[in-house]
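Just below sit the structures, each encoded as structure tokens.
Note that chain A is present in both complexes that follow, paired respectively with chain B and with chain C.
Let's turn to the complex of A and B:
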């Protein structure tokens, strides 16, 4: 258990490509940090640098009080769970879990106690003598977890550990990993491209794009006040609706020839990107006040909710409504509350409104 | 294969199967082909059951007589050769030493070479690999004089070392292991690194057990290859105590040429004995063999 601190960590590959721009953040003791971003955003590289599987080009990495930039992965006091689990296929579950301890020259009976404890915790006791090939995907995942737990490391690293599982199992394992991490209270870094995983598991989320940190924050901060259009459109399903508009400097945004009230905290008059989450608008059949006309093209039934795909002033727009909402027969309008509107700079994508 | 065709055929088979000429033709081709291939072996076996005198008189004989056991015993136990220093049993043992030493040596060397090429950031790894690969173009027969010169200079003629070591560098083996190692997922190495396994530990604890089937397959090929070596043993071993079966047979028949009748029965018996181990190995290990070459346990 330890605090982990990254200071201006940078990665440049020999071919000159900068995979991670200088990035700094701290992970508190026992915290689970999720690194999320599209593929190629540098999240795995960052994790692998912390693991010691990639060299750190510049910057300082501390695990606990130790600078570990040049420490061998085996001596960093970390454990890693890989996407394809990387279990040793020729070893039994027991041996898979014991291998790391054996290499550290722990006494046999101590290894035995630890492995059996971990197996107990993960409901793997009856499978200890099986080979990985005789286990289901979820069980293999748990063995990989067990291999990490028995080491009692200062830091857990998870590299997309759930992406090889089917959707149902993924939901279940998500909860298992989370509760296990809570129970053993080990500082963790978790890499995923799935924003649902990020939202549900993280204490704090780090959103990465093109090797740069876009935002660091709790799931609700990330969701409610995205720092940029990238974060806004990456986090949340369906993504935030974004469209170009003009802010008049006096609390209104003009989209085409319609205006919408916004809370902008004294932003100057300028062109903006106007963003609204699909679930923060309401659908009406009557054009009252500032309601925007909405051309409905397609309705997607999701069971608990409905996605209405359509257009506002020629820009595509998605509305997420409860399945109990009645869709008016005639023309439809959207009521957009001022507090639901996010404004971003059109060029940099940075957040303008509070 | 047999199982598969059975499971397919059994439920669908009607009480009387339709007679198909195509099937007859297929089988005829197969039977003819195998008869053609097996005939020499069969003739060796039958001829062997006659006495040397009869063989001298009649040549190859189709049929059975009573001398088979006697010829076998003679082949295995009778001291023969110019110096009377070797029996069939001894030659069999020498052949095993050569076959096994050759196969094991090749596996060890080529695994280590492939390990170095695949897993270590060597400056000229790819180049080194292609250099090793081009040695396929330089079989023993091409480099036999220099090879002999070197071995002789080191005083290794008439030793098992001299017999085996110059042959164990293997481009084929290196190539097979290289391809196999490259298919082992990267994460396996990383997991092992985090688990505290250094290069040697990783090789022995993980890579070697993972390559089991591959090792078995290459062992079979190389054992047979080593067993059948003729030219190199002929050059290197002049002491009859070191003769292998494959080269010994001819020597033994030749010895009494001239006034006496050559020991045909014994020679044929030795030839049959020489065939048995490679065949047995392939038959017993064919499952492993196929497994090693087509699938990998990952």
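Let's turn to the complex of A and C:
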């Protein structure tokens, strides 16, 4: 268990590509940080630098009190779980888990105790003598977890560990990994491109885009106050509705010839990107007050909820309603509460409103 | 389910005929002929032959000369197989480190595979030439007066070196592709589990290469036993004299130089049996071969 600190960590690959721009953040003792972002944004690169599998071009990496930039991966006191599990195909489950401990010169009986304990915890006891090829995807995933746990490392690293599993198993393993991490209380860095995984597992989320940190925050911070249009549209499904609008400097946003009240904390009059989450608006059949006319094109049934695809002033707009919501027969209007509106700068995409 | 069939029963036979006749003409017929003539003593002047039973075989096993050649062949095969595998593996491991990801290197190294074998034999002769061959001169530095084709040990050394040299590119390519088929993440998991590169090689890399290595082992034994005929022939320049010979080359020498067709046939029958054993051994092990994935 340890605190991890990254200071201006940068990665330039030999081909000249800057995969990670100088980035800094700390991970608290026992905290699970999720790095999330689209494919190619540099998540794996960042994680692999922490693991020691890639050189750090610039910056300082600390695990515990130790600067580990030039320490061998095996001596960094970390354990990593790979996307394709990366089990040793010629070794039994037992040997897969014991290999790291054996190389640390632990006595045989101690290794045995640890491996059996981990196997017990992961329901792998009956598979200890099997080869990885004789296991299902979920079981292999557990072995990979077991191999990480037995080492009792200062830091767990996960690189998309669930993306090779089917949807059902993924949900189950997500919960298992999370509760396991809580139980052993090991500081963790978890990489995923799946925003649901990020939201559900993280203590804090780091959103990456083009090798740059867009935002660091708790899941609710990321969801409720996204720092940019990128975060707003990447986190949340369906994504936040965004459309160009004008802020009048006095508490109202104009979309076409309609006005919506917003909380803008004294932002000046300017062009803006207007953002509303699909689940934060309500649908009505009566045009009361500031309700916006909504042209409904399509209804998508999701079971518990319903997605209404339509348009506001010619801009496409999605509404997420409970399946109990009655859809009016005549014209439809949207009621957008002021506190549901997010304003972003149209050029940089940075957040304007509080 | 209806099985696809031929309406004319002779059609399949006709289709198989070219293949069957090739096997018959180029394999069964000469093999049968060799077995047959191994029981006869050929008149050196070509006036017929007489049946001698197993005499040709008993003569062979009794002959000091034959046992010496067999002994040399065993040592030669072991040396060539071991050295060409070991050196190729070493080179492949070094190359693998460099060319992970960098495609152009691999293409460059592939050329070696395409060019080396024919050139290697020719260059071998040049290198070991008496007087001005670079390797001969190099050995000269250390006071070793290298005499190809004259001194038994010297010729044997040259044979081993040239044979190994010719075989390295083939082994190298196979080992390299074997190494590259080991998932990168497995290697990386090992890097996190073990800080010693040498011990990682023996614990992870080598076992995962075992199927490739085993396949190459059989290929190399076969190569050293049979395909080195050309190398032996060029190096002893058709003058067996006091030079080391392999079993295959002795078949040729006795049959075509010594005109002892019976004895030579008996030798080739023994070699056939050897190939048979090797093949059975190979299939047995391939069946039980460890499949990891």
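Going forward, the second predicted complex is superposed on the first by the 354 of 354 C-alpha atoms of A that agree within 3 Å, B and C clash if a C-alpha of one lies under 4 Å from a C-alpha of the other, contacts with A are read in each partner's own complex, and residues count from 1 in each chain.
In this text, a contact is a pair of C-beta atoms (placed from the backbone, for glycine too) under 8 Å apart; a residue touches a chain by one contact, two chains touch by 3 or more.
Quick caveat: nothing in here was measured; it's all calculated off a predicted structure.
Partners chain B and chain C, brought together by superposition on chain A, clash. When the two complexes are overlaid on their common chain A, residue A:103 makes contact with chain B and with chain C alike. Residue contacts after overlaying the shared chain place A:25 against neither chain B nor chain C.
Look at A:133: by the touch rule set out above, it reaches both chain B and chain C.
Once chain A of one complex is fitted onto chain A of the other, the partner contacts of A:84 extend to both chain B and chain C. In the overlay built on the shared chain, the residue A:252 is in contact with neither chain B nor chain C.
Touched by chain B in one complex and by chain C in the other are residues 51-53, 72-74, 78-80, 82-84, 86-90, 99-100, 103, 133, 147 of chain A.
Every residue of chain A that touches chain C in the complex is listed here, in rising order: 51-53, 72-75, 78-80, 82-84, 86-90, 99-100, 103, 131, 133, 147. Chain A meets chain B in the complex at residues 51-53, 72-74, 78-80, 82-91, 99-100, 103-104, 133, 147.
Residues 185, 187-188, 190-197, 201, 205-206, 209-210, 212, 297-298 of chain B touch chain A in their complex. Interface residues of chain C, counted against chain A in their complex, comprise 183, 185-186, 188-196, 199, 203-204, 207-208, 210, 290-293.
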